[in-house]
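Below you'll find the structure, written out as structure tokens, and then a few comments.
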Amino acid sequence: MVYPTSIDWGKPIAETALWVAEMINAAGGVDGCKVDVVVRDDQADPKVGVDAAEALVDLDKVQLLIGTVSSGVTIPILTSVTAPAGVMQISCCSSSTRITALAADGTTKGLWFRTFATSKVQGSVAALLARDAGIRKVTIFQKNDDWGQDIARLAAEAFKGAGIEVAGQVAITDGQPSYRAEVTEALATRPEAVYLALYPKEGISVVREWIALGGTTKMIGTNSLKSDEIRDAVGLQYLADFIGTDTSTPRTDSAAAFPTTFETRFGRPPSGPGLPNSFDAAAIALLAYHAAGRGATGAEIAAKVPLVTDPAGEKIAGDVEGFRRAMALLSEGKSGSYQGGTGAVVFDRYGDVTAPAVSWTFGPGGVEERRYIPLEEVGAFIAALN
Amino acid sequence: MIGVISYLAFFATMAGILAIAVLGLNLQWGTTGLFNGGVVAFFGAGAYGTMILGGRPEPGQFGGFEAPFLLAVAGGVGLAGLVAWAVGLLTLRLRHDYLAIATFGVAVAFESVTRNAEWLTGGAKGLRGFPRPFEAAVGDPFLYGLLFLGAVLEALGLAWWGLERLTASPYGRALRAIREDEEAARAIGKNPARLRLQAFVVGAMLMGVSGALYATFYAFIRPQDLAPILTFQLWAMQLYTGSIQYILIGLVIVLMLLWRPEGLLPERIGRRTPNRTAGTAAATASKEATTP
Amino acid sequence: MIQNLADGILTGSVISLGAIGLTLIMHVLRFANFSYAELLGIGAYAALVFDRLLSALAPALAAAFRPLTLTGSLALATVLAMALTGASAVAIDRMVFRRIRARADPLSMVFASFGVALIVRNLITLAFGHRAQLYSNDIAFAEVVSRDPMLLIKPGQVFVLVAAVVLMLALHLILTRTTFGFALRAVAENPTLAQVAGVRLAAMVTAIWLIGGALSAAAGVFYALTNHLSPALGHNFVLPLFAATIAGGIGSVYGAVAGGFPVGIASGLSLMILPSGYTPAMPFLIILAVLLVRPHGLFGEARA
Amino acid sequence: MTASATSSATAAAAPVLEVAGLEAGYARDLPIPQAISLRLARGSLTAIIGPNGAGKSTLIKAIAGVVPVSAGRVTLAGRDITGIRPDRMGPMGLAYVPQTDNVFQTLTVAENLALAPRRTAGRAARLAELYALFPPLAAKKADRAGSPSGGQRQMLAVAMALAQRPAVLLMDEPSAGLSPKAAGAVLDLARSLTGQGVSVLLVE
């Protein structure tokens, strides 16, 4: 397993995956063997990540690699380590649509899966929410990295598809002393609302500057801004019109149960990003491993993934009991329908999942959910855009 | 056992690839005394040039000419040389810290272009490469890893041999003369400006080779790979090895940097001059102290 | 256009203030100090601590001078932070740079300065966390100075500009009216000759760190006043400070002042020519442009 | 090194400056004076002559504390001053005028002079004396020291050294780059100083 364990938001993601391994072991282990998870840190750096993955594949002889978070690290691992070596790779959190393209042209050899919906869902939902709010002209602030460029491009397409004018796209490179020039530039486009595809670090500067210069308080932001830091630094009085987007878990029992079981195990609610996704990635991967048998190769494990996520199969819960039942089913060659922290996971042929969405806003007590947008509505909207 | 060898081969491949860039740095700084603070720009030019020429076509993306591997690498290296030539014309008359920061700026500007010129470089998400040459034909990843390492070491050996020949030749002596005393070199009829530019371009082309192999190895290149820290890592390798024989060992020595600022072999390094630009003197001293 | 120019001047004043000490250090100690900009961070956070302490001790000080968000306690805290940062700069020199100076070459100094920068940044993170902090949560709205052409200025920025200019004037008076100032300029021009003329180099180096630290602290507070504090505050200024120093000419105090403004202004104006993603490259294009015309910077002299 | 020492005055019994077995500089890039010994009498004018690159300059710099001494001793009026910091030489009674870059070009003439006696007693009086001694400097007080002619710059450099009230004055090629007339004036000045009890050591 490769995750950025040295980074504060990366550690809980790794711990969640390890927790799954504990439960699988409690349920009897993969094909009767105790799962031994080797964790390596990628520091969110591509060179470190590739080195870590290479060591896992060569030295530890893994056939299954779980990881990692940043698409920029996941992609080189996929193209230079796991796919050439025939190792299956599953990630909780990489959202880049570039991986979809890699899967489409066969580079990933069907060895790749992820439990995190691509940026397309969020970008499209932003347009849906803007349309519903009657906004006709937006300007986009985008973090100038792969994620920001990706989601801003997808959002811009969605805005245009929904008949909303994109008046400007302003790139925000992190680590600059001042974003005043960028904000001035955006101000000149006189938008009715701004779309913020930013992280809190530069988001605070940009939003405060934007408001101080008299910019509109109508703002639509990505899930990356879901933090108290923004609320405290900008002030609730200026965030009344803010709408956030996020992908969501379906409103199923299994998804609803996840926070409770997580809190029982760790003594705190699952507040960081990607935790249910990490849970599901690990669970699906290990169940598929079980189905393939202890000596299986990466390709053999990958081939068993559809058995674990068969919508027609028996429902499998994400706990020790559920895993025990699932492994019994799989040993008999039957399929199951895994119901995890992100609901019933189904991969498309490129290893991608789709997801329902929510809109949220800042409230006195923290982030408050506004509206749940079911999978069907998201799907219909995206289809209508094209 | 095969796993250990395979991992070591992977590690040695990376080391070998970076060592080629260090050879380039050694020619620029060690031999000619040019303080290049923007190694990643030339490394990046090699990598991006190779990827654009050799990559597969993608919608909305310039490049993807699927050129044969060696042609793509030659193009990348040529691009690195071209960038170096233009940069050199502009900046080589500057000295020391000015040159360092000006070239550092070139690297930042280069990174900026790769991050933003999406049509050309794929933007921040990077540029996807081509399947590694002969990988499909070889089939076995372990064997292929060894073969790739062999090719890298061959390139490294070739570059090394070439540079050894070069530095031992009268031409190399002229370069060293410029580093030591430009006025004297001019007096004996050398054209320092032209020699410096040539050394700068040749060094940058070696960095381009390194970048080309790096991008080939990862089959992927993106702006984050061109972070300034890479320049400093290569500098550390160059500084704390001094002589090109020790460049591979340098990888390990980098780690000692923080708690051994005086270098690995302090007792063998000559006394330093406070009056002169002591960097040159120290580098000279350490280079000669470690050359057998 | 006018707006970008005005913004550039305001950013430039902070950069200039930070670059003054750096130019002296780079010239006298002859190494590119990559940890220097961390002094801005030290200063800004020190002022935060003093501000919280003072406003707790004397609540009357916590009232803001309208229309600024600046409070009496922060003004006092800034002065204290300047002193503390100057002292920290001297302490860092004694603990790290002076030892390396004695035995190794300038490149080791450069690498050591990287180490120092990392340590300072991590210490700040350890003590204050990653989160952005603010002196005051109020947002000071910009005043419309003119509608056509549109010109918006924040009162805080005007204050920063005035305060920065006052500090620079004070430094100018010290440099031109006192023998201490003559000695400082003498050291900046030619350290060896200054020693021959009877100037104690070690004492002047200490003085330079003190002055540089104090001015950097002021720059850090001024920046945080119109933006916010984060552990990366200093780091974000490394490149603009170098740009200002080189454009002005290493070793020239007036060059640093003159260099800060073009760097700030060009960063603002660059958006009129280049897409916003290219702004980080802007300071270097300025350096290149200046060095092409004047290889030793605007105010620099050729040196041996 | 092949330098010969000539003295205009007969060496007194107690030399004011004594150099014994001096070696200095670096093997790598400077000519090394080896085992040099010399004695300077009070009020004497001594010149060291030798070919270029013989190490005369390094010798004088070593005495002044600007380059490190690797062996030997320098004694000034009986006190060992070997290798002490250059800024402590002035108060000890030894002043040094470098060959080039010997004034601060970005400072005014007055500022240059004001630097030197910072820690000397009777500073105002001394400055007045110097301006009286060098009227051209008094006339150009407010000018940048980089602007006057070579002769006047050399004059300023000497004045800066004299401001420290030295017993011994070291001059490194004081006539280099000057017009014959200006060079003559500088040498006259050096000679006149010996009359005031200053010992002058110069290399040419």
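Letters A, B, C and D mark the chains in the order given here, with residues in each chain numbered from 1 onward.
Following the convention adopted for this analysis, contacts are C-beta pairs under 8 Å (C-beta built on N, C-alpha and C of every residue); 3 or more make two chains touch, one makes a residue touch a chain.
No experiment lies behind these values; they were computed from the predicted model shown.
S.K.: Where the contacts of chain A and chain B overlap, which chains show up?
M.R.: C
S.K.: Starting at chain A, what is the smallest number of hops through touching chains needed to reach chain D?
M.R.: 2
S.K.: From chain D, which chain is the farthest off, judged by mean CA positions?
M.R.: For chain D, the chain whose C-alpha mean is farthest off is A.
S.K.: Using Cα averages as centroids, what's the distance between chain B and chain C in whole Å?
M.R.: 34
S.K.: What is the distance in Å between the mean C-alpha positions of chain C and chain D?
M.R.: The answer is 40 Å.
S.K.: Between chain B and chain D, what's the gap in Å when you average each chain's C-alpha atoms?
M.R.: 49
S.K.: Could you check chain A for residues that touch two or more other chains and list them?
M.R.: Only 144, 171, 173 qualify.
S.K.: Chain D: which residues touch two or more other chains?
M.R.: Residues of chain D never touch two or more of the other chains.
S.K.: Residue numbers in chain C touching 2 or more other chains?
M.R.: As it turns out, chain C has residues touching two or more other chains at 192, 275, 277, 280.
S.K.: Enumerate the contact residues on chain A facing chain B in the complex.
M.R.: 45-47, 50-51, 54-55, 58-61, 71-72, 75-76, 79-80, 84-86, 96, 98, 101-102, 105, 144-146, 148-150, 171, 173
S.K.: Chain C touches which residues of chain D in the complex?
M.R.: Spelled out, the residues of chain D in touch with chain C are 64, 66, 85-87, 89-91, 96, 98, 101-107, 111-112, 114-119, 160, 164.
S.K.: Using the touch definition up top, name the residues of chain C that touch chain A in the complex.
M.R.: 3-4, 7-8, 11, 14-15, 130-132, 134, 137, 139-142, 144, 150, 152, 154, 223, 227-228, 230, 232, 235-237, 240, 267-268, 270-271, 275-277, 279-280
S.K.: Provide the residue numbers of chain A that touch chain C in the complex, in ascending order.
M.R.: Spelled out, the residues of chain A in touch with chain C are 8, 144, 170-173, 175-178, 180-182, 184-185, 188, 200-201, 204-205, 208-209, 211-214, 229, 232-235, 238.
S.K.: Name, in rising order, each residue of chain C that touches chain B in their complex.
M.R.: For chain C paired with chain B, touching residues are 26, 30, 32, 100, 103-108, 111-112, 114-115, 192, 239, 242-243, 246, 250, 275, 277-278, 280-281, 283-285, 287-288, 291-292, 295-297.
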